[in-house]
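Down below are the structures I want you to see.
Shared between the two complexes below is chain A, which has chain B as its partner in the first and chain C in the second.
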Partner chain A sequence: MKKALAITLGVVTSIGGFFDMGSIVLTGQTGARFGFSLVWVVALATITIVLYAEMAGRIATLSKRPVFDVVRERLGPGFGLANLGASFLINVITLVAEIAGVAIAFQLVTGVTYYLWVPLALILAFFVLWKVKFERMERAVGILGLTMLVFAVAMWRLHPDWSSVLHQTLLPSKPSSETLASYLYVGVALFGSAITPYELFFYSSGAVEEGWNKSDLLSNRISSYAGFIFGAVLSVTAIGVAALIFQPRHIGVHDLSTIALGPTFVLGKLGLAAFLIGLFMTTFGATLEVTLSNGYIVSQYFGWPWGKMLRPKQAARFNLVMIVSLLIGAFIVLTSLDPVAVTDIAMVFAAVGLPLTYFPILVVANDREYMGESGNGKVLNVVASVFLVVICIIALAAIPLMIWTKLGT
Partner chain B sequence: MTRDIFDLDLDILDRQMLDSAGVPCGNVDDLELEFVDGPNKPPVVTKILTTPGALGPRIGGLTGRIITGIWRWFHPERDPQPVAIDWKDVVIVDFAVHLSVHREEAGLSRGEDWVRDHIIGKIPGA
Partner chain C sequence: MKRFLASCLVLACASCVAPAYNDSQFASKAAKTAQDAASAIETARLALQLDLRHGLPEQPIDSSMSDQEDALGSVAGTFSSVQPPQTKASDDLRNSVLDLLDAAQSHMEDARIALRRGDVPAALHALDEAEPQAQKLHAIAEKY
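Our next item is the complex of A and B:
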């Protein structure tokens, strides 16, 4: 039973986290503008998140300490606080994108403008965080989020020339209509959308809360590998559908209704319905995860009681942080910023913030005091270090690229 | 992690504290060392300092002053001091610093209690 729970956590983290508003928007835009030429970025991001989620889960299992606890200890209170501030802000911008995604899902169903659905999204999120048993929510998100496989079905039904798809994926070449800077900029945003930092905060805190022990190490590995690889399949097929439908017709992706056209074009109403359910579940799941993450990181930095399994009364400040985050997020959605533009920017900032969280994880995963014999092996360390360097390069390049390309236009 | 030698910076500072009931009650924000056996002998850790009143000075600079300032603003006392816990109240140090005192007794539950009583506790279903 507990094993099943552990694996659910991984799959939910990836459905709500890996494939969320950020990925839905970015994969659509990427496919429409760059075809299959940026699929390698998804592969890169998947390996990175799999390696680091497994480490974070292992640390949480053996040391009973979630990621942000480790961050403060290793970075010290000053850099820890800087990371807290940055992560909190990135989470809030991400939350804006996710809440907008939930509201837009309602808009696409009813035709009523999404602004009016923001309060409903807010109340729904609050209610679930406040009252609903978490396992129940995890299962609902996990199972209904599977409808996003509609992209895989749609891609298969489009009968693409697979050898050409493979060729474009493995030997990527930037389309001549796009500049190299835009190519790299969208690549950075796509990378950020796949490995937004909140996924690790959520995953490791969940592992601590569910009281994983040594016997859960295997399920940790399975769930982090299987969960995120599943997320990657969704991302790649979503890029595929956009590449096959939008790119040849020169259709730009500026809103979610365009993205919804992909599955609808191939599978009709059924495709649209599956996409809308998936859109709602993934963005709603991510809304919960990001909100919880903000509660987790602030509480863990200051040493307050935290946890979704405690009653709100037993973790008052944790719950206060979550409520405040939700309110700020919903307020920003209502200021009528373009939700797709906000999502793009959130994902770039997500990429900027990664090294400050990933570095302490790699250090502690090597600490034999905690990890005993389950510390990182040599091969894993070499690979993880290489990816850490990649993350740092991406983080450093993100802002200059953003300015250089004027937000990728 | 049972052992005899601790690295104060890595193993004690910034670590989660749990009270006698096992409830999180802050982090080790700073330590107080005293020359108990005279100036020629090594100093001894006598107290754990915690709450933002101890965190602010440790971070230092403008950020530190802002943290201390916010903490003083919210504190009911006019000239508040950071909470100090005697080192003899530390039971064991593993993934957390376990204390033998209750959080209320140690003065560590003020913030949590205030938010619970004035905000969260008032929302139905809490």
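Our next item is the complex of A and C:
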């Protein structure tokens, strides 16, 4: 029973991590501009994150050390430092988007400009990070984040022409009004939004914090497989709602208030309320996860004591990194940069930095010194290598596409 | 090279609004402007239609209207600051897009005022009157 509960919680947590500000914005934009023709990107991203999250969880479970720690030891301090710099930067940009998402959720409820809600978002994050237990935090965020299932309900209630949906999904072609470069650029950003590196740092460090052992390997597999696949279903249905409601009306998605109209269109007040709760919980959950992720990677690289379960006094530098990350993120939000544009850019940079996180995981997952008999099998290695090549291609193409398409416009 | 450097300088001086060197470039900017403006009008209309249908809380709809009004103002401001090439075609296109944007902005303001007075039908009526502009803007976006 306890194990079943642990698996359920793992699944719920994975959903929270998969569907955040980046996914909410990108799926809305994708559906409105490209209909169902980029759903294959979500499928590609889901397989990638499922494979690598399972590996990251397995590494953490067997070595009792989080991925970043093992990577530094296995691949050397130079590579570790490059990875740390890139990951920290990507996390900070992601954090900007997530904090903005929390503040905009408050704005949509109260009508008061989101700038004024940034301090409250920070205070809430500080409070939860320092006062709420890890497990309770995961449960609350994950369970309330499930209100995002409103997209699945809305899509089902829209009664789409399923044969047309399947056709567009399985035989994708870009709309004639869009260029191939824009199509690929949005695809890259969508890919980045689904598999942002912080998810893996948080997942593996969380496994160590919760003291997973060999008997948790099955839970790890089920959590990562079911959770991320369920998260992918949310992404696909969010694309579907935008494709069915916004695309025929030639509505582009440039803000969260537009995305809120999708569930509202189908379910009225209930849809709006579910979306707003889901928006708050998923972006707030991601704010916590990204902040912790920054604390984890910096502390793990420098060998400082770390962990949410430690008292702040026992892990002062870990907590200091989190405070600094939150303050930098909040400061950038307050500079009045467009949060949606920041989210788009964050997701592209996330895509650029992917190989730095994913390549070492594959290397360490094959290291018998750490993994013993539970290292990767041949089939898994072949499949994971193919996806690593895809990740590298996407990472190389991201910046040129961003410049070529002028941020996808 | 000189042209590239000049472009960079102009971009820096003109808050990142690049000039258009020929009709095609200008038409492309006009099309993007028209597309974004039509989208803002249609989004605001959809928000008001849903408000009327479901009796939604005031704040999210007000936020949505503000977002769309800001978006419309922003695309109009950006487009009006683009330096067009010295041709009649571009001047004509510029004038027609700016006229449509002016009219749309005016309807959007009327809608916002009516909405904040609690008169959702009047707000929707104001945006229904912007529908011809939205369609013409959409046609421009499609054409170019």
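Convention: the second predicted complex is superposed on the first by the 399 of 409 C-alpha atoms of A that agree within 3 Å, B and C clash if a C-alpha of one lies under 4 Å from a C-alpha of the other, contacts with A are read in each partner's own complex, and residues count from 1 in each chain.
Here is the rule we go by: contacts are C-beta pairs under 8 Å (C-beta built on N, C-alpha and C of every residue); 3 or more make two chains touch, one makes a residue touch a chain.
Here the structure is a predicted model, which is why all the values come from computation and not from measurement.
After superposition onto chain A, the partners chain B and chain C occupy separate space and fit alongside each other. Look at A:345: by the touch rule set out above, it reaches neither chain B nor chain C.
By the document's definition of touching, of the two partners only chain C reaches A:260; chain B does not.
In the superposed model, A:118 lies in contact with neither chain B nor chain C.
With both complexes superposed, B is the one of chain B and chain C in contact with more chain A residues. Within the superposed three-chain model, A:409 lies in touch with chain C and out of touch with chain B [touch as defined at top]. Within the superposed three-chain model, A:313 lies in touch with chain B and out of touch with chain C [touch as defined at top]. Vectors from the Cα centre of chain A to those of chain B and chain C enclose 130° in the overlay, to the nearest 10.
In the superposition on chain A, contact of A:24 is made with neither chain B nor chain C. Taking the two complexes aligned on chain A, the least Cα distance separating chain B from chain C is 31 Å.
Within the complex formed with chain A, the chain B residues making contact are 1, 10, 13-17, 23-27, 29, 50, 52, 55, 58-60, 63, 67, 95-96, 111-113, 115-116, 119-121, 123, 125-126.
On the chain A side of its complex with chain B, the touching residues are 63-65, 69, 72-73, 76-78, 80-81, 130-131, 299-306, 311-313, 316-317, 319-320, 369-370.
Contact residues on chain A toward chain C in their complex (touch as defined above): 107-111, 177, 249-252, 254-255, 257-258, 260-261, 264-265, 268-269, 272, 276, 409. Partner chain A is touched in their complex by these residues of chain C: 32, 35-36, 38-39, 42-43, 46-47, 50, 53-60, 62-64, 67, 71, 138, 142.
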